[in-house]
């Protein structure tokens, strides 16, 4: 089915990456003024903002849980974030991604510290190019930390998959469209726990295990970038004026 | 505050049973419930299947019509999968548009069909860019006692395998069977504490920490996976769940193919 | 306007029925596990399920009535229940049918016994072939009884109408599409009261009266089937395990 | 709890009057309210009628445009009837999409037009399968004092009888009158206890047990019927209501045809 | 851009008006039975009804303001009010017009007299022919007065604009479509305050000032018609039966 | 009751400062905040601009596609302007369809573009009556600290001035710049008591009585105006606001054209 070659004779991918190489990733924490916490992630051509408000009063009220905070995630792609404009408003894909990102985040947030309240996470994909759910979860996790909400650890997310018969890391756009499989993973490096896992395509069990391991290893690297972003953020000083936002996109 | 307390008591009971290797309904951790299937009972549908998995009761109907392809896929038929958790099926379901839980199930079933290539959508093209077959898979949950992922997937596969393309009605040739390949069946595992059980009933679902649905095809390829709920799995648990799914789907497939179709 | 002959020279209808003959009807009570009461009706090619929950808390709250239970009926046709797929979600036809079935049921339910509560009735048409509102009301009535909700009597429903110039009972699909009139009736056999009545088409007063009488008579027969279904249900034992649902459709 | 109590008091008053054969506004049980009609006051509509029945005030407008037919009726024009109970008309009506009460009225008016064949939809075909006339009948309730079924039906009939097909605007010929036949008028009876009265005002509607709308055409054929509310009629009451409707629609028709049109 | 001549050699407009001349305006107060206050305005071919309910309980509750009444305006065009049928239900244009009319009315209503309550204004455009927002605000203002709700003054509204290079008053349909500018104004004649102001098109500052002055002057005339309508209404007697509504449209 | 009290205290503070000719952030009454702009950072958009005005942060993206014209304008391209006040941008914004505040901003920006004729829609016709360019301007507010009217307008103008028509993608010729003329920039004035200040921050907006947005083009023509909020302006205040807008838009335009584009 795959006519186009995704991996060259030199073993390199269309964009020159090695099979187990990530796209360039840049993470910044504390990029917004109003949100209690925020983060910006550039991941290849993906550009993703995450904002966190909370813990705050639950709205609508009937969702309130008397034993813990609820975690509400809204993942959204900007109308202009992809080749064919997306009609504003929720769609089924965004609803599913919001749900699984929320479930992954909830695992690390100490929700029992904040009964009857809500942690609201807004993820806006400003530009999309394969892997936005991984970038979104990675950004959201930093934004929750930036909001000072207690967590057991950061969640990191990265995908592995298969193209041209090879297991590869962090699929780009054409690899995602034309490849044989995609396995996005949400991971907690310190404990080795998996909090998000999807797969579609076509893998043997051995290939699946190889892909999982590749993604878990990459998550460890991205984890360092997350922590570094938070470190830089606090070096600037959480109480001082926030990093000028105009640096976010430049 | 009553709901969390009841959940805690249920959890305690299930935990006590599980620590002795038992489940509420006497099954083993890796044992599916009793399954009854019935195909094409709905005469108005192009294909249909009713799945009765324990006390979970799901009806899946397939309708086909002629429509226009998506602009970016001019040579492909269109597949649409819908799921509604009707208030008939459980006291907690309410009237209204599908919520996140319904949507997740519909999308997982849809990807299971789509990404396994069990339907070659390019064979559903009538006139490129103009006329293609639309395949609507509608899942209707009638009675809900857990594990809709597996019941709905099985219902969709059976309904599709028994679908007749209504070509005469749309004046594009003779009626014929929908070309469908393979049986990417799923098995769902549910985790509470460190106990992992397949095919959870509702009470087990309500206390579960995490859920993993694994789709395996007739060639032992893994075709799809979906982790759910706000708990975690270890790598080893995932690998184990894949093994269990591979073995249980194989048995299920044999049973379905020999009898159900 | 009617070119096709709906009634043959032998006086029999397309499907071999006599003018005053019902299609085959099968009624079962107690077919679902979660619902407080349920019933399944096969009526010709119609396949209809009814489930009842209640009396239970009213949702949304502002609908609550401090003097009696409210009766909320949701009639729905499954997407695949007819030749041309129906888009899921409410439509104007379903809204009207839900309203008139609910009004008919409310008359026999002792709503004053359950102030501030709700009796919720869900009717799902799995397959439709003319007469679903009659089959739905007939099924709903059995389901309410199966739920143990006190009623003054069962409501029965059946239509009569006109085709090829003759008054006929229980119109089939082509008779409904091509015939001259349809008169669906909701009836209480014991008191002779009419709780649902619609008509469209073209009837003289004498024809209308004949149609009414034909439908009322048929209702008496269906009433016996309803009671028989409830009797069988209670013979199995309301407290024991319910009838296996796999028998429902076979 | 105030609403039920007020209703009980109203009911008591109406009952006392009724037992003496009287009504709140002095009418007899089988007497319609004063009626004022006005046609084509809305210049932008293809046809319009305003019906002032007592203090009930309804405006019906007809718009026409060229569109595509439904796939299953390629040779028929399309009729759409809408009704909105706007908050302007009564303090209990609220902003938002039409609810069951609005929808029932719209559908009863629609069936009254459609099933009586007063518009031959096949005459509204321009190019079979491609271009047909769409007829939109929009009912706007301005002031609500009961009996919208009859007021809206009469408004729709009058508006349609006074509609000009805007053929020039759509470049499909010369403007001409919409071909319309007959006057299937309705009379609505309202029952409280054993008292049955036609053309109820709002206060009478609010305490009614049951409602029956009967449509009768100029040849004394019954064309449509709709029973409403959670009360019951006996067979004899239905037969009587049909007789009353036949007699009152005849009078109304004469009045309308001689003056209103 | 304007090919068609909107102003003739005689200085008169298509409909024979002079540049600073209003279309014929007719205002009636108290035309509805159920509403607490109402008004009907015919303005050229525009036919606009306004109804007021209140001060009454706020619905939905969370909009309640503990310090004053809220003013909720719903402007709507009837489906049949224009050449191309309008789909029923709110649209973006109606939402904006409702907002600015509501803001203009709120300025004159003594909202602090009615904390926690709502003044609900419904404007229905039965026929539209340029200038419906001005006619709607003018009608709404009379309806609020008719409801006996205390106001500091009536609001009047009228537009001026530019066509064929000339500043003109109260644009008609073709002037609105083909002209160079439109400036709708909401005005309080007694104080000279401006409570509604929009403009689009193309005006020099001098032209804009001329248009403003022309509209303000016209508002003074319309103000007299508003007061006259209220005077006639009270002459009939607020306590007696209301003016027969059949006179409204004739 | 806390909100009104806080508003009263804020109002008091702003009033005290204003009476000395001062503002919260040290600006003069007729002084704009610091402005940063960035164009075409979104590669997937046909054009984009990010506007950072003080702490207000707005991203505007332009997408184009080929579609069918409106029946009443067969020779014109289609312009659609959308605005969403996302909950990301401020704690008071909630998920859901755009409300009146969002819609007012979108419509004012849309009219600013449309009525100033900065895009000649007739040049966006490909095949009359059949194929035209659709231009979607989507405004996304990222961080909200007042004065969205001016920030969104500026963002839309800059994005449009930097838009490339994706003709190759739709197989209707070679890519080229979207033909756009002029810079109808806006300046918004906010009034509290008798104090009128331009470019209000959120706190100033929250206590404002009235708002006036004035659009002026490069030839000093007034192109659009929108008064908002439930306060009033005198005639003299309006005239003054127009003068201030004329002078500030001129400065802004020079700055944008010399650097930003």
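Order of writing sets the labels: A, B, C, D, E and F. Residues in every chain begin at 1.
FYI, a residue touches a chain if its C-beta (ideal position, glycine included) is under 8 Å from a C-beta of that chain, and two chains touch if they have at least 3 such contacts.
Quick caveat, the model's predicted, so the values are computed rather than measured.
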Subject >> Any chain in contact with chain C as well as chain F >> reply: none
Subject >> Smallest count of steps, each to a touching chain, taking chain B to chain F >> reply: 2
Original post:
Relative to chain F, which chain has the most distant C-alpha mean position?
Top reply: C
Subject >> Longest centre-to-centre distance from chain A, chain (CA-based) >> reply: D
**OP:** Could you put a whole-Å number on the gap between the CA centroids of chain A and chain B?
**Re:** 27
Subject >> Inter-chain centre distance, chain C versus chain E - centres from mean C-alpha coordinates, in Å >> reply: 52
**OP:** Compute the distance, rounded to whole Å, between the mean C-alpha positions of chain B and chain C.
**Re:** 31
Subject >> Per-residue overlap in chain B, given as positions that touch at least 2 other chains >> reply: none
Original post:
Where in chain E do residues touch two or more other chains at once?
Top reply: 84
Original post:
Taking chains as nodes and touches as edges, what kind of graph is this: line, ring, star, complete or other?
Top reply: ring
Original post:
So if I start at chain E and go to chain F next, what's the full loop of chains?
Top reply: E, F, A, B, C, D
**OP:** Over in the complex, which chain D residues touch chain C? Could you list them?
**Re:** 1, 4, 72, 100, 103-104, 106-107, 111, 115-116, 212, 220-235, 238-239, 242-243, 246
Subject >> Parts of chain A lying in touch with chain F, wherever the complex brings them together >> reply: 32-35, 45, 47, 49, 51, 53, 56, 59, 74, 76, 78-85, 88-89, 120, 122, 124, 126-129, 245-246, 249-250
**OP:** Please name which positions on chain B make contact with chain C in the complex.
**Re:** 36, 38, 41-45, 48, 50, 52, 55, 57, 59, 61-63, 65, 82, 84, 86-91, 94-95, 97, 136, 138, 140, 142-145, 169
**OP:** Report the residues of chain A in contact with chain B in the complex, numbered from low to high.
**Re:** 65-67, 71, 84, 92-93, 95-96, 98-100, 102-104, 106-107, 183, 188, 191-205, 208-209, 212, 216
